[in-house]
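Right after this note come the structures.
Presented sequentially are two complexes of subunit A, the first with subunit B as partner and the second with subunit C.
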Partner chain A sequence: MTNKNPGAQLRLQRFFGQNETILLLVLLAMVTAITAVSPRFLGPENLFSILLSASYTGIFAIGFLLVLVSGGLDVSFTAVATVAQYAMGTVLLANPDISPALALLIPLLVGMALGSLNALLIHYLSAPPIIITIANLNIFFGLLQFITGGEWLNGFPEWFDHFPQTYVLSFENADGVKYGLSVIVMIWLAVAVVAGVLMHYFKAGRKLYAMGGNLEAARRAGIDILRYRIFAYGFLGFCAGLGGMVHTLITQTVVPNTLVGHEFDVVAAVVLGGASIFGGSGTVVGTVLGVGLLAVLSNALTIMKVPTYWHEVFVGAIVILSITITTLSALAARNREKKYHAQ
Partner chain B sequence: MLNNLLAASRAWGKRNAEMAALPFLLVGVVLLLSVAIEITSEGNVHFLSVENFGAMAAQIPELGLLSLAMMVTMLTAGINLSIISSANLVGVTMAITMLTFGPGAASAGLTLPLIVLTIVGGLLFSVLLGLFNGLLIAKLKITPVLATLGTMILYEGLTLAITKGYVISGMPEEFLVIASGDVFGVPYALIVFTVAAVVMAYVLQRRPFGRQLYMLGSNQTAASFSAVNIDRVILKTYMLSGLLVGLAAIIMLSRFSSANARQGTSLLLVTVLIAVLGGTDPDGGFGKVLGLVMALVIMQCITSGLNLLGISSFLTLGLWGALLIGVIAYRSYRAKNPGNRPKSVSA
Partner chain C sequence: MSDFIAMRHVTKNYAGVQALKDIDFQLKRGEIHCLCGENGSGKSTLIKILSGVVKPDEGSEITIDGRVFPHLSAHEALEQGVRVIYQDLALFPNLTVKENIAFQSFSEKGSPMVSWNQVEKTARGAMSLIGLDLDLNRLTGTLPIAQQQLVEITRALIGEPKLLVLDEPTASLTRKEVNALFEVIFRLKSRGVTTMFVSHKLNEVFEIAERVTVLRDGERIGEYVPSEIDHKKLVFLMTGRKYESALPSPVDPLAPNLLEVKNLTRNGEFTDLSFTVKKGEIVGITGLLGSGRTELALAIFGMTVPDSGSLLLEGKAIKPRSNSDAKKLGIGYVPEDRLRQGVIQAQSILDNMSLTVLEKLKTTLGLLDKQKMKTDAQTWVKDLQIKIPSLDSSVKTLSGGNQQKVVLSKWLATNPKLLILDEPTIGIDVLAKNGVHDLVKKLATKGIGIILISDEIPEVLSNCHRVLVMQKGRFVHELVPGPDAERDLLENFNLS
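Showing the complex of A and B:
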């Protein structure tokens, strides 16, 4: 089929073929289907609770996206988050009168430090990121378990307990129980917006895409690879710390093995959101939609009383399916561009 | 005579720079551990004892097979993160088959044929699981890390769905012989591993497929211009990896007499560590079975030594991670500072 204006056709194809558009349609279709089965699903109370329970996964996912876009990989962030939680919890229990700002700063700093450590090791040892981060996952988690003896932390100060019940929008349900859009969801959205702006409009973000697209080309274009690796992995560390903090705020306890082992929910959300496994592509909007889709799916499975051990089958199948689709469409796009340039 | 031997060993060390340090490391580890254990246990427990070596020999086969499964994919610059979940899926499937048909077969006197059929079926199934990995990587061009990450979650999920999270146990006596039986004191499982290791070494060093596998790992573009069918080599590699996983699954099922979805998940790190410590380059192209076997023995000595010393398994986990990074750091240092190594081997 010949076309007089292949450029316009390409743009049109891109818009309708865009991963975000497809995801949004799938998400809407799912919400409609689930609402038809169980009308209570669409109520604001349930939606707010889905958003709240997805918030820490969402925060992890934003950080993971940055690393994946830069062509890296990090599976140690759940261990980083756990270490950060423990650091915060220990300080809070030892000094209950510590100023909230200072207490909440601790997990962020711990996260950034451990994330940057990953970046330094990957850079200086020039080893595959998956191997370095598997090693670090075990170092962080093993040492934490060894030092703390797997002890649970709870009984945090009052302000810490009330924090998640700070609502931006608040309502009362028929039984007079207060519910609303928690400030924690706003933290997630704030991280997403900051990351989105950073990735799209700032040089730092564009450099990450360049690194993921072709590391050697990026190096020769004068990008300081080490600096931007530290930036990407450090940002993931920051998100891990923040996600760990949010998780503690929601559950009010620190347990060493709740987060570790759930890395793949985050990986699933990010690849579902269309971040390419080739590196160099992926958007914050896609990632947020990916997290939303998995959260809705998991909520729907629970509503439909599907046993929890089936959830993992769904997650695995979705990951493989979405990786396959993203890869194939990336290959197809590459071929189309080749053809276009050849004309 | 002695001079000839020394010269030969020096030549070997030069040819195998990536694993030349391992024999010394092995001796060092054994000496250190036996002294440490002798002191701490005040002579009640000995590292250099028949019982301890027997216990170590029992754990070597499955870990060795899993490490071989990891290594072949690393040689092609890939990785197989799904080995543990594949092993569990295969183990659970075999366990259920034997439990379902076991009583009927036993009353008909067909227990042995059932076990043979289950083993053959289990191996075929594990090759299929490997083939699926290979198809994702070769045909759909998904990077090995993400493809096997996806199948790792999928296989574990399937196992969980099949078992509903329960442990499946109570295998027939005749099946347990695989792990418990021996010939002249050598356990069957160890024989299986030895045969697998020798066959693997032969295939990798002497067969066209093995050489193609290394070529692919060194430079995929060059290999494809040298008329190597890349897709076929990748498919075969992941099927071979699956087969080795299947053997490990049989031995694990026989040793524990039970299977579940989350058995041995921490072994993934250990298999990577053994492969890398044994001289396999995670970027592909380099690595030998002999190095892997030496690394395996070293690791097993350390594991059982730390165990005898009463060190927490979590601390051991941390140590494995640190050791892996240490080995990679050493490699990277050697690669950047070739020192007195002959120029021809500098990579």
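Showing the complex of A and C:
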């Protein structure tokens, strides 16, 4: 490269050194490689199905990102999601004629309430978030099992059953089966767009980054820490409720232990997306790409008939690999900036 | 010039302890005013009252621009143009320079959205006030400390500041950066901004202050014009004690060489360094930060491996490959960053003192000999005159000077032959500083060889037998402290 315009060159290097760009390139490389091995992979039918099955993880991940950016941590969201599922499922079975809007509002409110409870406890006990949310994971989930007796819920109203088959784009395959881009995927994308705009273009979003970067400085700058904690954890609660709802729409059953125990998949996706576990950094685009990458990986392994326990090994390995790349590229970026600014 | 701020009868009691006793304090518009005093003299309390963080007792009175306040709220202080920059910077390392500078605008009422154009404009405008030129999109955490401080000062310039309070701003700056900071202060002065400056480095006080107010034990000792007092007088005013610093006792000319460094080179850090340290000799190394001083120390201490050259300790070639190697050889290193590398803040004084000699404190069963640990520590506390509440208190409860003595005792416990002290008195009170200096000189008389690294010229000149000047990784000068030494260094090497 020429050195005629070091500023422009630095900008270019910054762009390609960015986590999101790297992730996108890795994702494209993976898709190409998998397609070469198994051409069936790249078909629209498979891609739509990957998106649909990744949607609730994707929604959880965006909520988790906000909490992480604000310098917090919350591992109770799967339990919150399950509680929200049961609340919605129970109401639906008891009043099958309830208006769909009202029924779908229930999990969101339950989620926000439990998320805010996490925020209040963390704030007033000034306790490490991980401890509070592990405790609440156990409390929420334990009480749920006690109250419901671990009973499975199914047989929801017809509109509920048909909801996921509402397609934004729809096609028919060779066997005459309808498939397409489900409205559920659009819910995920809508949450992502809202969160992305909020985090970059709204003062509230910038304050979350500030809190995650230096909490004491945020306090001195006059940020109402409690308010923004409730905002972040409440938003994750909302996403947990929404993700739980989406999960129920896809599976049409409510089961106590399909979500709890899978928190790590979400954490992995968000960290893979470039968010720092210590707070203050991470983007929505990165998070969406992180979720996408893990979904593609898991789908490819399934297509290639690799046993499921290998999926876990791969997820773990890819997280370590991504952190290695992030560390190395941060180091390179630092040296580059130093060199540029020394000139 | 009229009084811009006048504080009258300011008193503050904390649970029966009088932090401030009936203080009168005046600031004139546009002046540079230094506040001097030891730790615990009430400087911080006075600053906090001025910035509205602490509420003074009944009867206190603060007049700003003719308006009288019994006390200020943080909001009122901001409104009156008071900006305080604390020692621990309040920046967001994960945000860009422009966002840090314009951050306060996010708290203003109005649109909930961020106007990035406005953020950039605000940041650029504020930076131009002090002639700062930084990449606005760079993450603040990737900047050197000195530039981060300038970012914080720039942030303080938003919204018409009238008074800038800098609490120990130069503690972690190099001389060149201090000069740049002073230039900024002069620029602000020309715009009518008043600066209140707190520093332990008295030479800086004399360099920049137009007036000095001295506090001692919560009382106002007086207000002085620097040209009318000298260094010794100021120390006396601050401490209430006369202090004569003794030169180090001469080295025995027959003393054998303890350390010989021959043509030591580590690419990119230092080149072809040769020098010796005799038993009982204190060798000073000075030079700007980045001159390779610390890098040299780390190589002798085994933390890095030199590319070429050799080290001899008591005539035998040594090649320390780790700090534990160096420790076994009898080399101790007191790092520059006391808070992070010197002590373990949260642990007790006892644990900190025993850290380097845990192997030696084993009982026959291999367990820690708590009793010996305690008696040893008590001996150090007595020998080094460390002021502590108890051995079990955590190190963070101690003042800087006493913390540094804990670090020293930890290394003395290893019975070192050579001690490397990297900026041993940074951020330490005048009197405590002298305590550390006395201790260093006493250690030398016991035959320990000492390398004292410092960029404070008076410190090396009054405590060392010989001084080496480093520039860009090389020794460029060697001198023996004498009457002309300070001028020599100042004129030839742009050090002060």
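Note that the second predicted complex is superposed on the first by the 309 of 343 C-alpha atoms of A that agree within 3 Å, B and C clash if a C-alpha of one lies under 4 Å from a C-alpha of the other, contacts with A are read in each partner's own complex, and residues count from 1 in each chain.
The working rule: a residue touches a chain if its C-beta (ideal position, glycine included) is under 8 Å from a C-beta of that chain, and two chains touch if they have at least 3 such contacts.
Keep in mind that this is a model prediction, so the values were computed, not measured.
J.: State whether subunit B and subunit C clash or fit side by side on subunit A once the two structures are superposed.
T.: Aligned through their shared chain, the two binders clash on subunit A.
J.: According to the stated criteria, A:319 is in contact with first (subunit B), second (subunit C), both, or neither; which is it?
T.: first
J.: May I ask you to decide whether A:328 touches subunit B, subunit C, both, or neither, giving the answer as first, second, both or neither?
T.: first
J.: Between subunit B and subunit C, which one contacts more residues of subunit A in the superposed model?
T.: B
J.: Contacts for A:24 in the overlay, against subunit B (first) and subunit C (second): which applies, first, second, both or neither?
T.: In the superposition, A:24 contacts neither subunit B nor subunit C.
J.: Looking at the overlay, does A:307 come into contact with subunit B only (first), subunit C only (second), both, or neither?
T.: Only subunit B is touched by A:307; subunit C is not.
J.: With both complexes overlaid on chain A, does A:143 touch subunit B (first), subunit C (second), both or neither?
T.: Once the two structures are laid over each other on A, A:143 reaches subunit B alone.
J.: Touching A:132 in the superposition: subunit B (first), subunit C (second), both, neither?
T.: The answer is first: A:132 touches subunit B but not subunit C.
J.: Quick check on the superposed pair: does A:264 touch subunit B, subunit C, both, or neither? Answer first, second, both or neither.
T.: First partner only.
J.: Using the superposition on A, tell me which residues of subunit A are in contact with subunit B and, in the other complex, with subunit C.
T.: Shared contact residues on subunit A: none.
J.: State the interface residues of subunit B toward subunit A in the complex, per the touch definition above.
T.: For this pair, the touching residues of subunit B are 79, 81, 136, 140-143, 145-147, 149-158, 160-161, 163-165, 266, 268-269, 272-273, 276, 282-283, 312, 314-322, 324-325, 328-329, 332.
J.: Over in the complex, which subunit A residues touch subunit C? Could you list them?
T.: The touching residues are 200-204, 206-207, 209-210, 212-214, 216-218, 220-223, 276, 280-281, 334, 337, 341.
J.: In the complex of these two chains, what residues of subunit A are touching subunit B?
T.: Residues in contact with subunit B: 73, 121, 124-128, 130-132, 134-139, 141-143, 145-146, 264, 267-268, 271, 277-278, 307, 309-317, 319-320, 323-324, 327-328, 331.
J.: Would you tell me which residues of subunit C are touching subunit A in their complex?
T.: 88-95, 99, 103-104, 106-107, 112-114, 135, 138, 141-142
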